[in-house]
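Labels A, B, C and D are assigned to the chains in the order they are written; within every chain, residues are numbered from 1.
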Amino acid sequence: MTVHHFQPTHYHTTIGSHQPVLRVRSGDTIVTTTVDARGAGETGQQITPPGNPMTGPFYVEEAEPGDTLVVHLDKLTPSRPTGWTRKMVAPNVVDPDYVTQLPWPARPEDSLAIWNIDNAAGTATLDDTSTSLGTFALPLAPMVGCFGVAPAKGEAISTATSAQHGGNMDYRGFVEGVTVYFPVLTPGALFHIGDGHALQGDGEIVGTGIEISFDVTVTLSVQKGKLIHWPRGENADYIFTVGNARPLDQCVQHATTEMLRWLQNGYNLDPVGAHILMGQCVEYDLGNIFDPAYTMVCKVPKKVLR
Amino acid sequence: MTVHHFQPTHYHTTIGSHQPVLRVRSGDTIVTTTVDARGAGETGQQITPPGNPMTGPFYVEEAEPGDTLVVHLDKLTPSRPTGWTRKMVAPNVVDPDYVTQLPWPARPEDSLAIWNIDNAAGTATLDDTSTSLGTFALPLAPMVGCFGVAPAKGEAISTATSAQHGGNMDYRGFVEGVTVYFPVLTPGALFHIGDGHALQGDGEIVGTGIEISFDVTVTLSVQKGKLIHWPRGENADYIFTVGNARPLDQCVQHATTEMLRWLQNGYNLDPVGAHILMGQCVEYDLGNIFDPAYTMVCKVPKKVLR
Amino acid sequence: MTVHHFQPTHYHTTIGSHQPVLRVRSGDTIVTTTVDARGAGETGQQITPPGNPMTGPFYVEEAEPGDTLVVHLDKLTPSRPTGWTRKMVAPNVVDPDYVTQLPWPARPEDSLAIWNIDNAAGTATLDDTSTSLGTFALPLAPMVGCFGVAPAKGEAISTATSAQHGGNMDYRGFVEGVTVYFPVLTPGALFHIGDGHALQGDGEIVGTGIEISFDVTVTLSVQKGKLIHWPRGENADYIFTVGNARPLDQCVQHATTEMLRWLQNGYNLDPVGAHILMGQCVEYDLGNIFDPAYTMVCKVPKKVLR
Amino acid sequence: MTVHHFQPTHYHTTIGSHQPVLRVRSGDTIVTTTVDARGAGETGQQITPPGNPMTGPFYVEEAEPGDTLVVHLDKLTPSRPTGWTRKMVAPNVVDPDYVTQLPWPARPEDSLAIWNIDNAAGTATLDDTSTSLGTFALPLAPMVGCFGVAPAKGEAISTATSAQHGGNMDYRGFVEGVTVYFPVLTPGALFHIGDGHALQGDGEIVGTGIEISFDVTVTLSVQKGKLIHWPRGENADYIFTVGNARPLDQCVQHATTEMLRWLQNGYNLDPVGAHILMGQCVEYDLGNIFDPAYTMVCKVPKKVLR
């Protein structure tokens, strides 16, 4: 149960079988940092090319394909006083004939909004009082946009997108205190993490949350011989499964199928019992509807699982 | 502000320009009943053919195309001691290659589960202790599955599906106390209502909530000259818009576009302000992912709208 | 085998259980006319409201639900010297972020192009030499955009869209000489026809073919007790099935499933034989990708069916 | 204009920035071989792991990001006397509730059909007379299932799927004599090729064409400074563009947008002219509807382009 303090010196914009930056053992904790989606760190200076640069990968000694990597998000803290968002709902999220009515920025520099982040007060405040929103503050809800494990067979997948290995899911449920499960697809699992958001709406419909650098603490452990097919997670109130694909219908199919497997294999429900329970108790959240692969999350309340 | 007590004698399985059963004025309240999805009323006996039979239509004197019909759901009470659900997640909601692993019932009579409804205790209890769920009780959360107004140009749309006029949206947010807005598409609006659920999971993924007859009280009023494009609603905490289509991506497009219109026309937000707010504050709920048209709901918390 | 000459006096913009305009017997031929998509007839004057007005419905005495209506397209002839098209690819057919680059017309009158139709020469010639196309002529290929039978249970479906009953499929394969099969869903079948195109590209991606009034001759007959689920057709070289839905993936599912049924029930192929044949011999055409429901067509060459 | 004879010694199941196996100059021809989708070569023995193993990558000296790689398919010849197909339409290609009626093989060895390939006679004949197809022969139509260039930014994309870089498109139009254009995304382009099919139906709906090893001759050249966004191609009769995504609707969007760019930049059409032409002359083909990304092809006949 070692605690590793790791300061990254380079980053990756794919999740793949890159050279590990650190080797840890199951149960170890890593204290590290992440840059924002454009590669800017805690000083606000860009230190690496943009595109959701990842810290890592971290090699977990015990992890082999067919196992499950357990990632506990111990601590997620914005590490600088400002973050940024885009200011226009993405064209793919509105009706096609409404796209011409979007507030397209005339100049690139008009496309971003700056937010002031106050960790002590727990607020993000829009640094622009020229819109009709006036002084506009929202409660912080720091979450990880992009994290996961190296895919199988030497694939290196862009951090713009997501799949079975995790990736850029942009689900606002990935907050401090949550436990996330990834299928191990390569030896050592090769865990990557980055793309912190101070807060985000469902769907990441403007293409960003409030993008910011993070101080991150995670604890990684391995469940040997436990095979899962899609990312899973749990918090105090729910277990959940994550489907990444297009269209959203297919995300729902992946997440629902994975939940049916979990209820039957992990909670000893018979098939008919699992289906009856799902039918009347299931809930779904939207992760992102912006990236190349979209994300839907299938949730079952723990209280109905006794 | 008359209160009408209306006892239906026949029902419709399309929403269309049928002969009105009652003419009311804007502001009037209707106390009536609905049968369940298979046409069974408060005695449990089937009294009309199945397929979400509708009570109505109710003609509202002031309503003309281009207006908005306001429907306040005053009271929704299950009116008999049992409801029923299907017992298998629908094939379209799981991965295609998982369909063979669903618990297909060998006999039709094995496809339904009965639930005992206790309005006083506020519970629905599964009347079958043979599954691994054992004694399984859930809190009641009565909601309307299918309601809306007659579509334009003489269309008569099956109550199996939904569109701009409302219809079979199966959204668990349509509960007592909620106000719903429909675009008026024909003179008199011609409001229909039915398909009550004692409770339901997101997505109606087994094809049913707990299907049951209802005692219903609604108040109908008209907003003259107010043009909307999709159903809208509000409760104590949220305003919301509803998109009905396939795939879910298109539901999101319809609902998001309608919300952008609402924020700009109804809340005096400038375009950039509306987009910034949506980006970081929006939430989405899944209505149904079972019917011919699926449903997604776009929500904005009232607390960020001051 | 009577030949009926029928001159319509009114039209319908839904396909539904409307009052029949003529009752015929199985095997009878109908010689009639259709107006264009905006309701203009052979004089070019608008004589009925727009929206794909249908001629009919025609009641076929022998037809009952569960039968198949056979429609032979004997003759389809443009009946006036000009037709019209829209001039911009629809926003839903291009990438969302490309929509702003479409040539949106500043004025409604700039949105239509006129084409001169010469039946003798067999050409349609663009009546506008101001574009870079210069003098632009295409060979005529007259086809029916919208036709079908009344849907079940009193539904009346807009002629803007399509479903199991047929409707606005906009498939360029529905030309003179083709035989089309529709499932009979109501007594008498209630056949409707309209929306002639002098020619059309795949997908009807500008929202129109060359829209024009038609002289139409069709022969209707009934196959008693033959149950089909989706429109089917055949020409000299192919049998084909039609799926109408969204997204296109679902159109393919409907059409492929219907073809698997046809091969096994109509051509005595065993399941494995039908699947092997489909795998290596199937072809697909795109009907429309513009209407509320899209259309894909699944074809099998007759030469591999012996 | 050198002709290189290259015999591969290893293969890749991702398309990525792998070590080049050969460096060539623009205009050079490569004569080489490919193994089948399961890694079996001309002897029928498996010589490399399965999953569409690629021959290459080939580094083209002049190619830099922003250029176009031109691939002329000079010669595609099946190199052994047998190929194989799967025998069941994939579950995602039929209606979800029809999946249980598919002829699922009881044993893995029952899932494949062998076909005898006769290059001289130009036929593929099913080596199984036990189905209702009897003796079943089809004309050979050899095509490339998977080929393309390395994606940008170090991505390595599985040969199971496709994207802007090409990949597993399974389009039956990629036959001998066709010229294909790929966007160059990395220095040298890094061209990969494999997955030959003796013939295939549209959609690759059983998950395979007739899978076989190939003798391949291709000529590679570079168009400097020519930027394209998706694969393009041309044959004697058509120019075409290729969209790879899900759902098929999005494939159509990508391919149509790319064709609009081509017509305006490559054929000097003004926007309105390009749109009018597309509307009435475009055709679409279905590539695959089986792989993680589907494929649709947008075609314009050369005869309307003068």
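Assume a residue touches a chain if its C-beta (ideal position, glycine included) is under 8 Å from a C-beta of that chain, and two chains touch if they have at least 3 such contacts.
A quick note: this is a predicted structure, and the numbers were derived from the prediction, not measured.
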For chain C, the least number of touch steps when starting out from chain A: 1
Winner on C-beta contact pairs when A-B is weighed against B-D: A-B
Farthest chain (mean CA position) relative to chain D: B
Length of the line joining the C-alpha centres of chain A and chain B, rounded to whole Å: 33
Centre distance in Å when chain B and chain D are each reduced to the mean of their C-alpha atoms: 47
Residue numbers of chain B (touch at least two other chains): 92, 96, 246-247
Residue ranges of chain C touching chain D (in the complex, touch as defined): 85-89, 92-96, 98, 102-103, 113, 124, 126, 131-133, 136, 138, 199-206, 208-210, 246-249, 252-254, 256-257, 260, 268-286, 289, 294, 304
Complex contact set, residues of chain B against chain C: 12-14, 16, 51, 153-158, 245-247, 250
Residues of chain D touching chain B in the complex: 90-92, 96-97, 99-100, 104, 247
